[in-house]
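There are structures below to look over.
In the two complexes that follow, chain A is the common piece, with chain B as its partner first and chain C second.
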Partner chain A sequence: MEHLDLLRAWIPGRLDDFLFYLLAVMAIPMALGVLFDRTIIRSGFLLIGVFGSICGLFLVLQAQFLALAQLMIYAVGITLVVVIALMLTNPKLEKEAQPGTAHQQLGSFLVAGALFFTIYCALRSESWPLSSEAVSPDVQTIGMALTTTYALPFEFASVLLLAALVGAIMLAKAERAISDKEEPSKEAGEQNQPATLFERDTTVSSTRR
Partner chain B sequence: MIANAAEIRKFTILSWGWLTIIFGLVWAVSWLVGVAIPLLLANVQADWARLVTEICQVLTPLVAVMVFIPINAMFMVLAERRALALFTVRKGPNRVGPDGFLQTLADALKLLFKEDITPRGADAFMFTLAPIIFFAPSIFGALPLLAAVTNNHNLFQVVNLPTGIFYVLAVSSVPVVGIVMGGWASNNKYSLVGALRSAAQAISYEIPLVLSIITVCLMAGTLDVVKIAEMQKGGLLNWNILGGGALSGLNKYFQALAAGQADAHQMLSQYYPDWGSVIATVVLIACTVLLVGIYLTGACAEINRIPFDLPEAESELVSGYNTEYSGIKFAIFFLAEFTNLFIVSTIATVMFLGGGDCPLPDWLNPLTNPAVTQPVGKFFSFFTDRIHLIDPSTFFPAIWVIIKVYALVFFAILVRGTLPRFRIDQLMAFGWKRLVPLSLIIFVLVTFAKGAVRLHV
Partner chain C sequence: MIDRGEKKGQFLGAVSVSYGLIALIIVVLFASGLFTQMMESINLKGYPDIYAFVAILFLGTFAILFARGEPVAVMAIGTIASFFVLTVGQEPLVRYLTLAAVLFSIGMYGMVVSRNAVRVLMSIELMLNAVNLNLVAFARYIDPIHLRGQVFAVFILTVAAAEAAVGLAIVLAIYRNTATVDMERFKLLKW
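Up next is the complex of A and B:
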């Protein structure tokens, strides 16, 4: 940023603030779009945009590594998996969403309220000291923190991911057992998960229209 | 005598001609924006002059990349067609311009003037956005590498990041979003299947790719591409492809031997004190050679090159995710594909092949010998000192980078001419059952072997 000294004089207020509001203006409408867009795939792609803007926010806060991890893992990896899962599981993509029953709406209201309350408490209870000092962008700092102070949450995250992996395999296995019963093919034993995935995917795209 | 020696000669002339044009132009533009304009404004004592100077210097890397990408893609398409013709003993495109020299320029012009069609039922906005998302990362992703390949030139230092290689990897994983978006928005089942294949493939092959790069970073102890390139200076034995710096003790020993020092043998026992360190060195060399293989395989799959080009398998899917594209949008997809090939070759060069380092060690290399360079350098002092057109500390590394990168590109073309296409289940099985475990094993091996020997002494 030291190269922008002269530009800075032309922009009212601090450059950081300006960038923050720019990114917020990008992120919030896209987040609303994720909620309100009728086409589910479109909202998936909008989610990538939201994650991209949040990556920009991390960059403004000089957390380079965090921003890049956000881009690599959330913006690309997870959202793509979401998009693919949507494509493979929901053949009628353009179907209008049914309004939920009263029970469902109450449940989601309760969950959303509890989540909001938790986040609100977390935001208000901690003190958030401001500092103009630049954070060292060193990966070493993050690595040390992850393996010493935050070792336990780190391990929890890895256990969660392992559970997700095992769950994914179980789901895929169950799917194959059903299709095997319906039409026993001669090389059913050799078929592995990706092959079945892509067979299904062609059927999905042919029933799309 | 080789049967098609005449064709090989023509191909060589064509390549050198194009390369001279490309890099001459990039060099000239970077000099104009980064050096000439600031030099002209150096005597003007005004605020706007300082502002223009700063903006020019900050924009130099971006301008260089923007000039480079389209011309380079034109050259690479032509080189690929001619080289494939060589491998299959044909002639290749040879009508437009002298010996087919301008073929791709004509192709590019034709593509620009073609009608831009949006298919009925397509999502028009996302149909337009997809090529942009596919192409933009190849501009931004290459920037930190620019500092590494120019030996950290003053003008290109701006683009270097402390998280260098991680940035490159993160940004170069974005294009798959563009492919999925384009495939879905086309409203065509072939496009959709191509896009889904591409997503599955990119996610699975990104893991071995990233693991191989991480292993190199582990050996180097940094993510900074400039530092990684600088560590490997001093000849072939220092490069990461040969043990990640485990052989640099041997390099020192040879240097002492060549200088006729009596205590050279002592040096050897100082760098490799026991059998453990020798074994660790051998393990590291085996690991790094395998790592290069894993990286190149993963990179090939990541950019959909031929043994892994299932997203656009023309025998099954017409043209895959870009079936419905025409005109300028198709040109952008095409441009980005070839630029990505160039970028992954550059990453391989910087991470494994020593960046801008001469394969000869310093003590054998006449170019670093002051007795040779001093008298020759005087002839060029007008260019180096007066108008700063050539900076010797950047010029020679840049030449080496160009040679190495295009050698890797040629290798990719050779692979394309040689290997058949994978089937989708073979592709997945190969990625998950072979490459991922292999790269994890190498990672663990390197972690232990690294402790027993001193790297980059």
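Up next is the complex of A and C:
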């Protein structure tokens, strides 16, 4: 806590507000960069910055456990999965694809702005039941809640994770299984479904080009 | 076939613009109701930030349309400026909720506009993060003893991890079948 006192001496006003605006000003342009960067692998890495600044916001909000979980799951795990998926698919195709039409972009920008303004009006017009008590130690409280009150959802979450794991492996492994079945059917001279799908798509794309 | 596709694209674009205009009209009606309530109860001079927000919107539109500004840079500066103007006089909870609303809107815009499927998944992750930020802010400022918001945030983290794994596996499976990750060409169910 001593370094925080040092920071407080440096920065006039409330330290929480300063840190909040610092992290928000980091998060918003990075989130826009995720959308608009033309090199898609770079936008995958910008995602780490967004998740990192949100992790900092969690620390300002005194949620240390969630900040570390955010850093481990989002900033490392999910971003790694996203980057690996980008490398397995072909990022060069992104350059060939034209961005959406101006009408589309304008329409969705209007919708997003309207959504933001509606949420802001709803937030602002209500008086919140704020509580000024001290925050209880979060690891202990979350652990107690997860093992007593929320024990059943916790177990369901573990079942969901198991199902997602098995499902993801099955989906990603599907090609091998099909190609193993493919060879005897080709010997028999039959056409199977994935091959026809692929051919149809290539014909469509070739006519377009 | 190309002409037909272009016409279809124009038609869809016009439909989305009209949807946006309808949403904008609804919001304007809603906001005007709010403004009349404000005018009845309190004088209008107490709310300068919404006027500043509208002024920033007009300035940004002007900069993009007439001054040939780079749209992304104008959008970033305008977002930060309007966020600062709208939150600087508010309570800390409202600040966090407004930041979450900004991130959610950015994620929704990206989800609609992007054509790369992986980028759509990234936008969904942004939206989930905004919800997490909301829940943690509620836990800090409204329920600091039981911290129920943080418990729900833990569950959202779990679901987000599962969603990312399954979504990216689906994208990979589709990529193997169609050799593209373009959202406009994902029409295996259409013929």
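Throughout what follows, the second predicted complex is superposed on the first by the 119 of 209 C-alpha atoms of A that agree within 3 Å, B and C clash if a C-alpha of one lies under 4 Å from a C-alpha of the other, contacts with A are read in each partner's own complex, and residues count from 1 in each chain.
FYI, a residue touches a chain if its C-beta (ideal position, glycine included) is under 8 Å from a C-beta of that chain, and two chains touch if they have at least 3 such contacts.
Only a predicted model underlies this, so the values are computations on that prediction, with no experimental measurement involved.
The partner of chain A that touches more of its residues, comparing chain B with chain C, is C. Touch criterion met: A:Asp138 reaches chain B and chain C at once.
By the touch criterion stated above, A:Leu22 is placed in contact with neither chain B nor chain C.
Looking at the shared chain after the overlay, A:Tyr74 reaches chain C, while chain B stays out of its contact range.
Shared-chain residue A:Ala151: touches no atom of chain B or chain C. In the superposed model, A:Gly107 makes contact with chain C only, not with chain B.
In the superposition on chain A, contact is made by A:Arg42 with chain B only, not with chain C.
Legend: residue contacts after superposition of the two complexes on their common chain; A:Ile119 is shown touching chain C, with no touch to chain B. Of the two partner chains placed around the shared chain by superposition, neither chain B nor chain C is touched by A:Val166. Counting contacts by the rule stated earlier, residues 65, 69, 77, 81, 138, 194, 197-198, 201-202, 205, 208 of chain A appear in both its interface with chain B and its interface with chain C. Across the interface of their complex, chain A is touched by residues 47, 50-51, 54, 57-58, 121, 123, 126, 158, 161-163, 166-167, 169-171, 173-174, 176-177, 180-181, 184, 189, 192-193, 196-197, 199-200, 203, 223, 424-425, 428-429 of chain B. Here chain A touches chain C in the complex through residues 16-17, 20-21, 24-25, 27-29, 31-32, 34-36, 40, 43-44, 47, 50-51, 54, 57-58, 61-63, 65-66, 69-70, 73-74, 77-78, 81-82, 85-86, 88-90, 93-94, 97, 99-121, 123-125, 128-131, 133-136, 138, 141-142, 145-146, 150, 153, 157, 160-161, 163-165, 167-169, 171-172, 174-175, 194, 197-198, 201-202, 205, 207-208, going by the rule given at the top.
Contacts from chain C toward chain A in the complex involve residues 1-2, 9-10, 12-14, 16-21, 23-24, 26-27, 30-31, 34, 57, 72, 75-76, 79-80, 83-84, 86, 90-99, 101-110, 112-116, 118-119, 121-123, 125-126, 129, 132-133, 136-137, 139-148, 150-151, 153-155, 157-166, 168-173, 175-182, 184-185, 188. Contact residues of chain A toward chain B in the complex are 3, 6-7, 39, 41-42, 45, 48, 64-65, 68-69, 71-72, 75-77, 79-81, 83-84, 87, 137-139, 191-195, 197-198, 201-202, 205-206, 208-209.
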